[in-house]
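We just call them A, B and C in the order they show up, numbering each chain from 1.
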Amino acid sequence: MGTVTRIILQRLALGLLTLLVVSVVIFTAVNLLPGDFAQSILGQGATPEAVAAIRQDLGLDQHPVTRYFQWLGGAVQGDLGTSFASANFAAFAGSDANANMGTVASTIAPRFENTMFLAGVTAAIAVPLAVFLGVLAALYRETVFDRAANIFTLSSISSPEFFLAYILILLLAVLNPILPSLSNIFDGMSFSERLERTLLPALTLTLVVTAHMMRMTRAAIINLLASPYIEMARLKGINPLRVIVKHALPNALAPIINVIALNLAYLITGVVVVETVFVYPGIGQLFVDSVKLRDIPVVQACCLLFASAYILLNLTADIMSILSNPRLRHPK
Amino acid sequence: MSPIVSVLVALIAIAVVAWLFRFLGQASTSNAPFFRDMPYASAFGYILGGAALMGGLWLYLQDGAVFFRWAVQGFAAFAVAGWLFRIFGRVVGTQGSRKLFRSMPLTASFGILTILVYAFAAVFAGVIAPYGQDEIIQGVAANIVPGGDPAIGGNPDFPLGTDQLGRDLLSRLIYGAQNTVGIAFATTCLAFFIGCTFGFLSAVLQGWFDQIFSRAVDVLMAIPSLIFALLLMTIASVWAPQLGIPLTAFMVVIIAVIDSTRVYRLARAVGYNIVVMDYIEAAKLRGEGLGYLIFKEILPNATAPLLAEFGLRFCFVFLTIASLSFLGVGIQPPLADWGTMVRDLAQFVNFAAFAPQVAAAPLLAAGAIALLTVAVNFVVDWMLHRSSGLKS
Amino acid sequence: MSTLLKIRGLKIEGRSDETWNPIINGVDLDLAKGEVLGLIGESGAGKSTMGLAAMGYTRDGCRISEGSVEFDGIDLVNASADVKRDLLGKRIAYVAQSAAASFNPAHKIIDQHTEAPTQHNVMSKGESADDAMDLYERLRLPNPQEIGFRYPHQVSGGQLQRAMTAMAMSCRPDLIIFDEPTTALDVTTQIEVLAAIRKIVEDFDTAAIYITHDLAVVAQMADRIKVLLRGDEVETAETREMLANPQEDYTKSLWAVRSFQRPQKPAINTSATPVVSVRNVTAAYGKIDVLHDVSFDIHAGRTVAVVGESGSGKSTAARCITGLLPPRIGHIEFDGQTLPLSYKQRNKDQLRQAQMIYQMADTALNPRVSIGETIGRPVQFYMGLTGKDKRKRVNDLLEQIELEPTEYFNRLPSELSGGQKQRIGIARALAAEPKFIICDEVTSALDQLVAEGILRLLAKLQDELNLSYMFITHDLATVKSIADEVVVMKDGKVVEQGSKDQMFQPPHHPYTDLLLSSVPEMDPDWLTNLLDQRGVDNIGDAAVKKM
């Protein structure tokens, strides 16, 4: 087995292990909650029988370790349990709490799709823009352009997402009504309509992510351009474009991919606030709502989902940089 | 399609003008090095920048562009304030501080000035603010519109208006400095205390101690920090009333612990770089103890990177707290805080088309958050630039 | 002979702290076709800046403020970027100090070799590749047909440096700038690179500027030598003339450095207990043994030089003695007493008796601690002196290392020169009042004049305080000047040991012989004679491999 394959398998195993430990952390954290969910769902006036029924329904009467493995086993198969909010509703409605509408998976699935769409649109705009501007800033460093870009990116990194969101709403929805300020998305919408309603939150995220990505790309490229082999290429009389394409780019790939993956991971956090501002029906908004409702299974599931995406992206960055390292690709 | 077409046409026009600019420049200066060695991309940049400036000027003179004018005026005011402050710093102070101000960029002096103003507002909020932060003023209507124009529902006594309960927004904005900034500062200090202690211990002791803490931090860092904070805040919000501890205290601890993982990483890395130095080896071989190594040998050499990190971490903590508050699970009423203010007043943004000043209140609260983090980032950026410049 | 390169009144400035500071203050230089000019000077003399300026190139943050650089009638200072680019690589080539860093890690060596000829339309890719193999053959690279198809990290340092020389030759330039091409290499590897460079420059009658700080090296390579000091020219002369009859005081002092030599002390009284005794030590990093059954003794008042190239295990031996790396097998005795293996188990007095002086004074002194406190700490820690007593002791120590106490007590390390920092390192070791000091390459990072001062100081202190030194070095000149006994190491084993006089007299172990013969001497004919004597295949890595 090659060195590269071995290292990548090691990283994959490590990522899986991390995910497992993270799931334990999330589960344990939730189980630190005092008292009884069943009680808090039904309120103080509930009869003991009703509480016991809910407890049994939700499996709260079992040992935590058993519950963890049940939860994990379910999660692996795509069953993330029953939403308390739905269970609550179902209990009052008198219908079966295990009906399909109440499962966490069915709550999350459409919203997950929406969030992926938002992230996809953001990435499609942000990644090429940021890499292009970042390389430009590195090539023309210490010029007016670079300084202006520095001030602009610093400002947009420093601003909270909701500030940028409201500024964009103000500019593009209120003063110049070009885009809708609320992103109510539903099934059966045409793609262009959906895109139009996603554009404003996507632009907000783009502003933040582009700034981060551009600064990191710039730093990576400047670092690279200072290396002796770039000076050597210049001293060989190679024209500047070829120096960039042939000598800098192959070595810049790893750091740039790293930057992109890290920032897509950053999107995950940004999504929570931005979806709330625009009432975008994504997983971030669901998460915040569930936090407020203390709907534990949904909170758990969202957390696990966010953490998985985060770990996956970091893992991708790691593996990509291993793959693009000539020292590892061509061992001695 | 038409906006895309017009943008394309404009770009082509700029491209042509740029070529002409360089060509005429070369011809008229008989190939002076400035024009001769100018890459086409630079020429394009000059013309593009020029076009953008002209466009901005045109927009500034339009009647409808109230917010753009405010933005430009605000930007100019900040620049002038930073410039004056730098001049002040160059004249007053010790020799060292004067020298510092001489090589300081405008962004950094503006940043320092802003931080000073915020610190002043935070410390003396009780003196400056006309009303108390949760004082419901008797005989005054709720929801007074900012701007003080009675024609649209304002009141000159309350330049920023009142909120839905009839509390003075200006006072709440000023108290917000005390609460939001103060709590963020305390949280960052706590995060640094935890992170640095364990980070340095890991660097010095290495071995199993380092392994255990590094792996634990890896796991904690695999959960996005805002998500983790929200999860823990959910749990804390159940515990807080039962234990009788304010939720805000829980928030401070939770964010500090989550953020200390990042501080740990840095402190450990910085520590590791210092520990390999021969002077540490010399101290170890002398038989020095752990305390001497950390406090006398490592810490003095780690202050510069840690100080820069403190600024960045503060921004991060500050934004996290503001975001949590904005989402409704952060700093709790009756404390006035900027994130909550933005959330409560956000709907006024939608009236900006009719009366621009109405949108001022939520934007000012959000802007207050942004301004401080921008200022801190400017200062940190300058510090990092300086230290990297000194090394090479 | 016609002039190829003509530099007049060249001034170069570098930007630091928002101001422009001079690096080169008006230097002239003439180079004829086919001539090799040696450019020598200590660190900070501006040699590299000068070499790059000869290509019309300045690094970021530097600028040519005055003067002219004329290459074959072309004014390089005012030439357009296109004109310069056409010359670089094609007519003027560059060989950098570190080949490992200057080859692009992402491309094969041959692809980097053929780049300049194809870009400048000198040869097709195929022709250039064939030519590369021919050049590799001339430079005696192993497997010349195949080596080019490797990636830079797959080739050893000395081979890579020769491949870079071949690359510089790819367009058959008129001028090559060699910027310290052998400084980063071990002596045995250095010699094969020197031989290769000299051969190829002679073969193609190429003019060259050879930049180095090593006089003996430049004596082998250059027709003419120019000496620089802090951006000014000191003197220029033909090599033989310069070696035989240096004019300026500074040049004379450079020549004199190698004159310091202590006489051989009388034979050791073998019945006396050695101060330090290394007994059958085998030590490992992780699972790999890096020291194999090493034994040697260090007696009172004597200096034992431990000599070897990088990776020979000489520093590891020091780490075993100090207890930083506990040996896997074997032990260390101090005054006949067995020391605990790890420094953590040693008591304060055992730690005090053995002190260490480091190679890099920059990393050996805490940059945030004043000189007084750096030296004062061991005084307080071991002797328990405080207040006035401590201050007095520190002042005495500063006087011992020939620094004025009142002037230096409150300074920070950054306010000292390299040599002064090294003296502080010595004072810190002396403050513990030890019997035994390990000197780890203490003079390697210093310019020769400064290094000599340190050696003299160490010798003086040894005589006054009856100290024992373990002197780790790769430099045989240093061994000659200060050692009483010599231990030669290779691949973690002791190859040979004995008194200095024995070691510098034949017969030797073949490795010692190779090491000794590889050290360049001031004689301009040294390399020629050596090659005649041994043949090209009995130097460098090739010779090591045969052992």
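Just so it is clear, contacts are C-beta pairs under 8 Å (C-beta built on N, C-alpha and C of every residue); 3 or more make two chains touch, one makes a residue touch a chain.
Values in this document were obtained by computation on a predicted structure and should not be read as measured data.
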{"item": "Chain closest to the middle, measuring from C-alpha centroids that were averaged per chain", "value": "B"}
{"item": "Of A-B and B-C, whichever chain pair has more C-beta contact pairs", "value": "A-B"}
{"item": "Gap in Å, rounded to a whole number, between the CA centres of chain C and chain A", "value": "51"}
{"item": "Averaged-CA centre spacing for the pair chain B and chain A, given as whole angstrom", "value": "22"}
{"item": "Chain centre separation in whole Å, for chain C relative to chain B (CA means)", "value": "48"}
{"item": "Touching residues (chain side chain A, partner chain B) in the complex", "value": "18-19, 21-22, 25-26, 29-30, 32-35, 40, 140, 144-145, 150-151, 154-155, 157-163, 166-167, 169-171, 174-175, 181, 240, 265, 268-269, 272-273, 276-277, 287-288, 291-292, 294, 296, 299, 302-303, 306-307, 310-311, 314"}
{"item": "In the complex, chain C residues that touch chain B", "value": "17-18, 78, 80-81, 322-324, 343, 346, 348, 351, 355-356, 358, 360, 363-369, 377-378, 381-382, 428, 432"}
{"item": "Of all residues in chain B, those that touch chain C in their complex", "value": "33, 36-37, 103, 277-279, 281-282, 284-288, 296-297, 300-301"}
{"item": "Interfacial residue positions of chain A with respect to chain C in the complex", "value": "226-229, 231-239, 242, 246-247, 250-251, 326-327, 330, 332"}
{"item": "Residues of chain C defined as touching chain A within the complex", "value": "55, 57, 59-60, 84-90, 93-94, 96, 98, 101-107, 115-116, 119-120, 150-151, 153-154"}
